[in-house]
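Shared chain: chain A. Partners: chain B in the first complex, chain C in the second.
Up next is the complex of A and B:
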C-alpha cells in the first residue's frame, strides 16, 4: 500500500518535472530553409562590433525585430557554440556556457547568428553580428552610485558594487542607513578595494569616511583655510596623501535646452595627509583670483595635475558669467618627501581646446590623460556637449574619442591594467546616465563601448535611475554598510583635520550649504 | 450553562446579523460620502507595477511583502466605490477575525458586538487621508496569524518550539513591525489561556532577537524595520486612536481570562455576586443589547465627528478638480471659504485665469495667502511639486515643468502621476527617448496602461501629439529663448517668460496679479501697454482699480492708457469707496464692515485690509 503511494507520488513528480522542463527549455528548431536578410538585426543593448572583456558577464540582450520565435547561435573559433531559443525576444545567455566560450577565444571574434520565425512559420536569418573578445581582463568590480536624476532634492542614494564577471550587485552604503544623507564621491587608491574613501553630506554630518587596509576614520576636512569640505579627489600614488578640491557650488536652471547647470563660485585645491591628519596647500593651487579643481596625480606622484579657470569678478546682484568660465589643464611639480612645490605650468590651455576641461584621469601607464571637454564650466554631467578626449602626454596632442555620443559622456575611470575604462553616458535619453565599458588598446585607440550587461535584458527599459561616479576596482569592497554606518555616526572618534601652520587661515564664513538637499520625510 | 444566558443570545442571533449588516452599510456610506477613498488615493498615490523588478524591491526587507500587497490593493482607491468596498470589507474582516479570536480565547462566552469595536476604532485611521493601507493589512495578517497559531497549536511541546520558530520568522518577514502585536498575542495566549511559562519566555527572547538578526541580512535600520509598519507616527484625530486599536487586542486576552477567574471566585458570593448577577441580567438581555449597540454607535459617531478633516478633504477635492481641469467646480468650492490652504489659493488662481476671471474677480476670493500662493516658492513647491510642474506647463516654461516633475520623482517616488508628468514634459520638450522610458514603466501599471498605450501612439506619431489642442496651445506660448530661472522672484520670472515667448497671456495676467497682490501699482501702470499686445477689449476691473489708486496716491491725473479708458462705473465705485471711508472718522477699522459689504471684492479693500 505504502509503496503504491510512493510510486504514485513519484510519477506525479516526474510528470510535473517533464512538463516544466519542456515548457522552459524549448528545443532547438530545425531550421533547414531560411531567407537571408542582408542587414544586422536590431538588438538592445547594441552589442555589435564591440570589444568586450574576456571576464565579463554574459551580454544578454533583446532582439528588436518582429518574430514569433527566435533562434540565436553564439560561436567562435574554439569551444562549443551556445544555442538559445527565445519566444519573447529576450536572450539570456547561460553564465557557464558563456564563460567557457569566451575563455577559449581571447583575442578572437565571437559571432552571433540570429534567426527569426515569421508569422507564416518561415525563418529569416540576419547578417552575422561580430564582437571581439579582448585579451586583457577588466578589473572584476565596478563601484558606482545610483540615484534619481538629481535636481534640488535627493531621496534614495546608494553606493553599490557590481561583480562584472556575473550579475551580482550589493550595497556598499545606502542613505536609508544614514537618515537620508547624501553619499558621494567614493574613490580608491590604485583600484584597490581595501583603500577607499567617500563623502557624506547631511544625516550624521558632513564627513569623509576613510578606509585603508583596516584603518578606518571619520574625518572633517574643513579647516580655517577651507570652509567647504574636500570634494573632487585623487590619491597620491604613495597612498598617504589625497588631493582634494574644495568648491563652493551653485546650481541653477535654464529655460531652454538642458535645464540643469552648475558652476563653482570659488574653488581651491588642498592636500590631506592621512598619517599626520593635516590639510595643507600652496599659493599656486589656491589663488584667490583662480578656481582650481579636479586634482589628479601623475603616476610617479611627482606632478599634480588640475583644472583651473580665472575667478570671474561680479558686482553684487549681477549674474555669475558662467558661460565665460573655461577650465584649462595645469600641472605643478610636487616633492612628496619635502612637501615642496615647483612652478605651475599650463598643459592644455583654452586657446588649444576651445572649451573647458574637467575630470582629467591619467592612464595607469602614465602615457595619456583622459578628460572631459565641454563648452564651458566644470559640471560635465549636465553638459550635453561633454565628450571624452585623450591627451597624449608624450606629444601634447589631444583628440576627441570616436566612441562619444551627442549627449553627455562623462565621468570615467581606468582599470588597473589600463586596457579598459568605464564611463557614464546619457547617450540614450539625455537624462539617465548608464555605464559603458570601453576597450583601450596599446596605440591609444578606444573602441565602441559595451553597456554594462544586466541579467534581465529588459532591465534598462524601465530603470529610471541614474548611475554615476563609476570606479573600477580589482576585487570586492569588503567593508559592509553597517560598518560604514557605524563609522559615519561615530562622532566621538571623528577627527577634525588640522591645518598646516604654514597655511594662512581665510576669513571666510563656513559654507557647508550645497545646492542639493535631502527629501523631507 | 446557568440562567437564560444562551437563550437570550440565540434569540438575538437574527438581531445581531441584521445589526452587523446595518452597521457595515452605514460604515460603507460614511466612507464613501464623508471620507471618499479616492481622495486618499490622490494624497498617497500608491504605485504598483507588474513585474519581478518591482516585486524584488519589496523582498529586500521585513514587511515588504505586506507593503507590496497593500500597494496592489490600495491602488483601487482610485475608484471611489471600489475603494469604499475595500475599506468596508477590511473592517468587516477585522471584526470577523476578532470574533474568531474571542471564540478561541474564551470559547464558552458569547459576545454580542465586542468584535465590532475594532471596526469603530478604525474610523479615525481610515479618516486620515494619509493613512497607508499597509498598516491595517499588517494588522489583519497579524491577527490572522495569531488565530492560526492558536488553532493549530501542537500538543507536543517540542513541536510548539518549532512552530514558534517558523511562524515568527514568517510573520516577521511578512508584516515587519506589526509582528510584535502577533508576538504579544501569542505570548499572552500562552501565558493566560494555556498557562505555559517556558514557551512564552522563549518566544519573547526569540522575537527580540529576530530583528537584530535580520538587520544583518537586510540593509535596513531597526527603527525603520520595527516602526515603519506601526501607525503611531501619523497625526490621527484623536492621536490615541491607533493605540486604542492595538491596546484593545493586547488587553483583550488578559482581561477576558482575569474576568473569568474573578467571576468564578470573588464575584460568586455576597454583594459582588449580586453585582455580577445584576450585570448579567441587565447586559445580556434585550435592553442590555440595545444599550451596548447604542454605545457602539455613539462611539462610532463620536469618532467620525472628531476624526473628519474637512479642510484636507476640500484641499484634496480641489486638487483633484485641478488635475482634471474642472475650473468652475474649483471656484464654487473656493467660494465656500472653508480653508486658506496655500494649495487651495494656488488652484483658485489657476481656475480664475482659465475662466477669464483673474483680472476681474480675483479679489472676490480670499487672498490672505495670495501673494505667496500665486507662483510657488521652492519651499511651497516641495509640498506640491506636480502641481507646480503643471503651472509651468500652462505658462509655457516646459524646462521648469520638467524640473519639478523630477523633483516630484525624488519627493513622491515613482508614482503613475509623476511618470505621466515626466512623459508629458519630455514629449513637449522633444525628448521622446526619456518619455519612452517613462511609458515603459507606466505600461506595467494596472490603472494607467491605457494612458501609456495612448501616449505610445503619440510617440510614434509626433504630429498627432502636436496637433492635440492642449499641446498646440502650450507650444504656441512656449518659451523660446534661454534664460537663468530665478524661482525666488516671481515677477522677474514672469517678465522673462513674457519677453521670451509670444502671446503668453497667462504669464501677463499672472504678472499683473502678482503686482496687484504685492501692491506694486507702478508695476501695473508700467505694463498696462501690454493690454494691446494681448488683444484686450477693455481694461480689466482690477487693473482699473489699481490705476485709480495709483492716480490718487501719486497725484498724477493723466496716465498714458493708449486706446483704453477707465470705465466710469469703476470711477463711481472708487468715489463711493472713498466717501464710505470718509464717513468713519475713526478710520479704516470702523469702516471695514461697510466697505467689506460694498467693496469687499476690490483691490482697494484688499490694499487696505490685507
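Up next is the complex of A and C:
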C-alpha cells in the first residue's frame, strides 16, 4: 500500500520535472532548410551597425518580427558562438558567454543571425546584423537621475548608479529618504566616484552635498551675492574649486509641440573654493545685463568656458521674449594660483552657430568641446531640435554629429579615456529621455549610439520615467544613501559658504520678481 | 454534542451570517466601494517588476496584497465582498486569539466590536486595504504564536523571534501591534519573562532594518501601514482599534480573575456569560447595535462620499445625474461646482442655467485655481481635454502621474493624448501598462488595435471630437490666468464651442458685459438658435444701464424673460432699491438668474470657513 503511494508520488514528480525541463530547456532547432530574407530583422533596441564597448553588459533585445520561434546565433572571428532559442521574441544573452565572446573579439565585428519559424514550420533567415566591438573600455559605471517626466510636481526622484558591465543598478540617493526633497545635479571630479557633489531642494533644506575622498560636507552656497544656490557646475582640474551657475529659472508651457519649456530670468557664475569655503566671482562672469551659465573648465584649468546671453529687457506686463535668447560660448582665462582673471573672449558666437549653445563639455584630451545647440534658450532637454555638436578647439570648426536624431539629444558626459560619451536622448518618442552610449574615435567621429541595455529587453516598453544627467565614473560610488541622508539632515554641521570680501554684496541685486526691469549698470 | 451546544453553534452561525450580510449590504449600498476606488485610484499591474518593487521594503507584502484587493473596488459588489471578508477575518482572528488566551468560549460582543472598527475605517474612503491586510497579519501571527504557547521556553522564544521577523517583513509597522499584544499576553497571562527580552529585540528590528537592510526612513521603518495620522479620522479610528486589543486582554484577565473556582473548571463556558439566558441575546444585541451606531454615525464621512460621488459621475460622464444631485443645493464645494459646470456644458445648459446651481466660487468653479490643480491635476486635465487643449491636458496628466502614480485613469488619459498627438511610441507604453491591469486591459487592447488603423482613429467616439480642436498654432500658456488661455483657444479656433461658452461664462461671472457684447456675433456663427438665457439676462442689464439699442445681433429677447426682468425691476422699486431688504424676495423668484448673481455676488466660501 505504502509502496504504491510512493510510486504514485514519484511518477507525479517525474512528470512535473519532465514538463518543466521541456519548457525551460529549449534545445537548438535543427535548421537545415531556410529561406533567406534580404533585409535586416527589426529588433529593439536597434543594436545594428553600432560600435559597443568591450566591457558592456549583454545587448539583450526583442525581435519585432512575426514567428512562433526564433533562433539567434551570435558569433565573431574568435570564441564560441552564442546560440539562443526564443519562443517569445525576447533575446536574453548569458552574461558569462557574452563576456567570453566579446573579450576575444576586441576591435572585431560581432555578427547576429536571426532565424524565424513561421506558422507552417518553415524557417526564414534575416540578413546578418553586424556590430563592432571597440578596443577601448567605457568607464564601468554610469550615474544618472530617474524621475517622472518633470512638470511642476515631483514625487519620485532618485540618483542611481548602474554597473555598465552587468545589469546591477543601485540607489545613490532617493528622495523617499529625504521627505520628498528634489535631488539633482550630481557631478564628479574627473570621473572619480570618490569626488562627488549633488544638490538638494526642499526636504531637509537646500544644500550642496559634497563628498571628496572621505571629506563630507553639507554646504549652503547662497550668499549675499547670490540668493540662488549653485546649479550647473564643473570642478576645476585641481579639485579645490567648483564653478557654478546661479540661475533664476522659470518653467512655462507651450500650446503646441513639446509642451514644456524653461528660461532663465537671470543667471551668473560663481566659484566655490572647497578649502576656504568661500564663494567668489568676477564682474566679467556676473554681468547684470548678461546671463552667464553652464561653466566648464579647460583640461589645464587655465580657462573657464561658459555660455552667455544678453538679458532681455521687457516692459511691464510683457511676456519674457524667450525665443530671442541665444547663448554663445565664451571663455575667460583664470590663474588658479592668484585667483585672477583675464579678458573675456568669444569662442562660438551666435553669428556662427545660428542658435543657442548649452552644456559645453570638454573632451579629456582637451581637443574638443561637445555641446548642445538648439533654436533658442538654455534648456535643451525640452527643445526637440536640440542636437549634439562638436567643436574642434584646434581649428575652431564645429559640426553637427551624425548620430543625432530629430528629437532632443541633450545632456552628455565623457568617459575618462575620451573614447566614449553617454547622453540622454528622446529620440524614440519625444517624451521620455533614455541613455545612449556613443563611441568617439581618435579622428573625432561619433558612431551610432547604443541604448543602455537592460536585463529584460521589454523594460523600456512600459517604463514611464525619464533618465537625465548621465555621468560616467570609473568605479562605484561608495558612499551609500544612508550616509548621504545623514549628511543631508546634519544641519548642525552644515556650513554657510562665505562670500569673498572683494565681491560686492548683492543686497541691492535686481528684484527678480520683476524680471522685465532693466538691470542696473 | 449536546442539544444546547448545537443550538449555540447554530445561533452563532446565524448571527455571524447576519453580520456578514449586513457588512456586505452596508459596504455596497452605503459606502459604495466604487467610490473608494474613485478616491484611492489603486495601482496594480500583473507583472513581475511591479511585484518585485514590493519586496524591497518591510510591509511590502501587505502593501502588495492591499493593492491587489483594492482592484476589486472597481466592481462595487466585489469590493463589498472583499471588505466583508476583511471584517470577518478581523472578527475571527480576534475570536481565536481571545479563546486561546482564556481557554474559554468568547462572547460574540468581544469579536464583533473590532470588526465594527474595521468597517468604520473602510467607510472613510482613504483607509488602505494594505493597512487592513497588515492588521490581519499581525493578529494571525499572534494566533500562530499562541498555538506554540505550550512549547518550552526556548522554543517559544525562537518561535516569537521568527514570527516577529517574518511579520515585520510582511506587514511593516504592524510588528508594533504584535509586540504590544505579546507584552500584554506575557505580563498578564503567560508570565514568560524571557519572551519580554525577545519583544525588546523585536522593537529594535525596525531600527536595524532601516540602518542596514532597507532604504526607508526611520518613521516608515516603525510606522509604515499603521495609518496613525491623527489629524485624519482614519488615524483616530486606527488608534482606537489598536488600543482595543490591550483593553480586551485586560478585560479577559479581570473576568478570569473574578470567576469562581467552579466556573474556572467549566472550560466550555462562555466568558462574560449572562446569567439570564433569555435576556442575553437582547443585551448582546443592544451592545453591538450601540457600538455600531456610535462607530458608524461618528465615523461615516458624508462629505467625502459626496465629493467622491460627483467625481465618479463625472469620470463616467453621467452629466444628468450630476445636475440632478445638485439641483437644489444651497452650498457646493469647489470640485462639485467645477464638475457641475462641466455637466451643464455637456448637457447644453451652461449659459442657459448655470445660475440655477450654486456658483459660490466664481470663476474658480469654471477653471480650477492653480493651487487646486496641483492637488488634483487630473481634474484640470479633464477640462483641458474637453476643450481640446491637448498640450495642457497632457501637462496635467503627467502632473497627475507625479501626484497619484501610474494609475489607470492617468495612463488612459496619457494614452489617448499621445494618440491624438501622433506620439505612438508613448501611447503604446501607456497601453502596454494598461494591458497588465485587471479592469482596463480590454480598453487598452481596443486602442492598441485602433492605433494600427488610421481611419479608425478618426471614427473613435472619444478621439473624433478632439481631432478638429487640436491647436495648429502655438501660444504661451498662462498658468494662473485661465481666461487668457480660453481667449487664446477661441481666437485660434472660433469653432471651439466649449472654449466659447466657458469664455462667456467667465465674462458673466466677472461682469465683463462689454466683452460679451463684443463676441455676440459668434452666437450666430456657432449656430445658436437663440441667445442663451443668461446672455439675454446680461444684455438686458447692459441695455438698461447704457441705453444702447440694437444689441442683439439679429436675435430677440424671450418675451417671458422680458416680463421677468420687469418683475425683477418692480421688486427693487418696491423695496426702494434696498438690496439687503429685497434679497429674500428676489432669491425666491429670481435666485436662478444672472440678475440675482450680479446683485448678490457670492462670498468666498473659504472665508466663510465652510
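As a working rule, the second predicted complex is superposed on the first by the 486 of 521 C-alpha atoms of A that agree within 3 Å, B and C clash if a C-alpha of one lies under 4 Å from a C-alpha of the other, contacts with A are read in each partner's own complex, and residues count from 1 in each chain.
Note that a contact is a pair of C-beta atoms (placed from the backbone, for glycine too) under 8 Å apart; a residue touches a chain by one contact, two chains touch by 3 or more.
These numbers come from a predicted model, not from an experiment.
Peer 1: Clash or fit: chain B and chain C on chain A?
Peer 2: Here chain B and chain C cannot both sit on chain A without a clash.
Peer 1: Per the contact definition in the header, classify A:315: touching chain B only (first), chain C only (second), both, or neither.
Peer 2: A:315: touches no partner chain.
Peer 1: For A:119, select first, second, both or neither according to whether it touches chain B, chain C, the two together, or no partner.
Peer 2: neither
Peer 1: Name the contact category of A:33: first (chain B only), second (chain C only), both, or neither.
Peer 2: Once the two structures are laid over each other on A, A:33 reaches no partner at all.
Peer 1: Quick check on the superposed pair: does A:343 touch chain B, chain C, both, or neither? Answer first, second, both or neither.
Peer 2: After superposition on chain A, A:343 lies in contact with neither partner.
Peer 1: Do chain B and chain C touch any of the same residues on chain A, and if so, which?
Peer 2: Correct list for chain A: 148-149, 151-155, 171, 174, 176-177, 252-257, 259-260, 319, 428-432, 456, 459, 461-464, 481-482.
Peer 1: Help me check something: in the complex, which residues belonging to chain C touch chain A?
Peer 2: Residues 45, 47, 49, 211, 215-217, 374, 377, 389, 391-392, 394-395, 398-399, 401-403, 406, 418, 423, 425-426, 428-430, 432-433, 436, 471-477, 479, 488-489, 492 of chain C touch chain A in their complex.
Peer 1: Please give the residue numbers of chain A that touch chain B in the complex, ascending.
Peer 2: Listed in rising order, the residues are 148-155, 171, 174, 176-177, 252-257, 259-260, 319, 428-432, 456, 459, 461-464, 481-482, 519-520.
Peer 1: Would you pull the chain A residues touching chain C in the complex into a rising list?
Peer 2: Its residues touching chain C are 148-149, 151-156, 171, 174, 176-177, 179, 252-257, 259-260, 319, 428-432, 456, 459, 461-464, 481-482.
Peer 1: Can you tell me which positions in chain B touch chain A when the two form their complex?
Peer 2: Touching chain A from chain B are residues 49, 51-53, 215-216, 219-221, 224, 378, 382, 397, 399-400, 402-403, 406-407, 409-411, 413-414, 426, 431, 433-434, 436-438, 440-441, 444, 479-485, 487, 496-497, 500.
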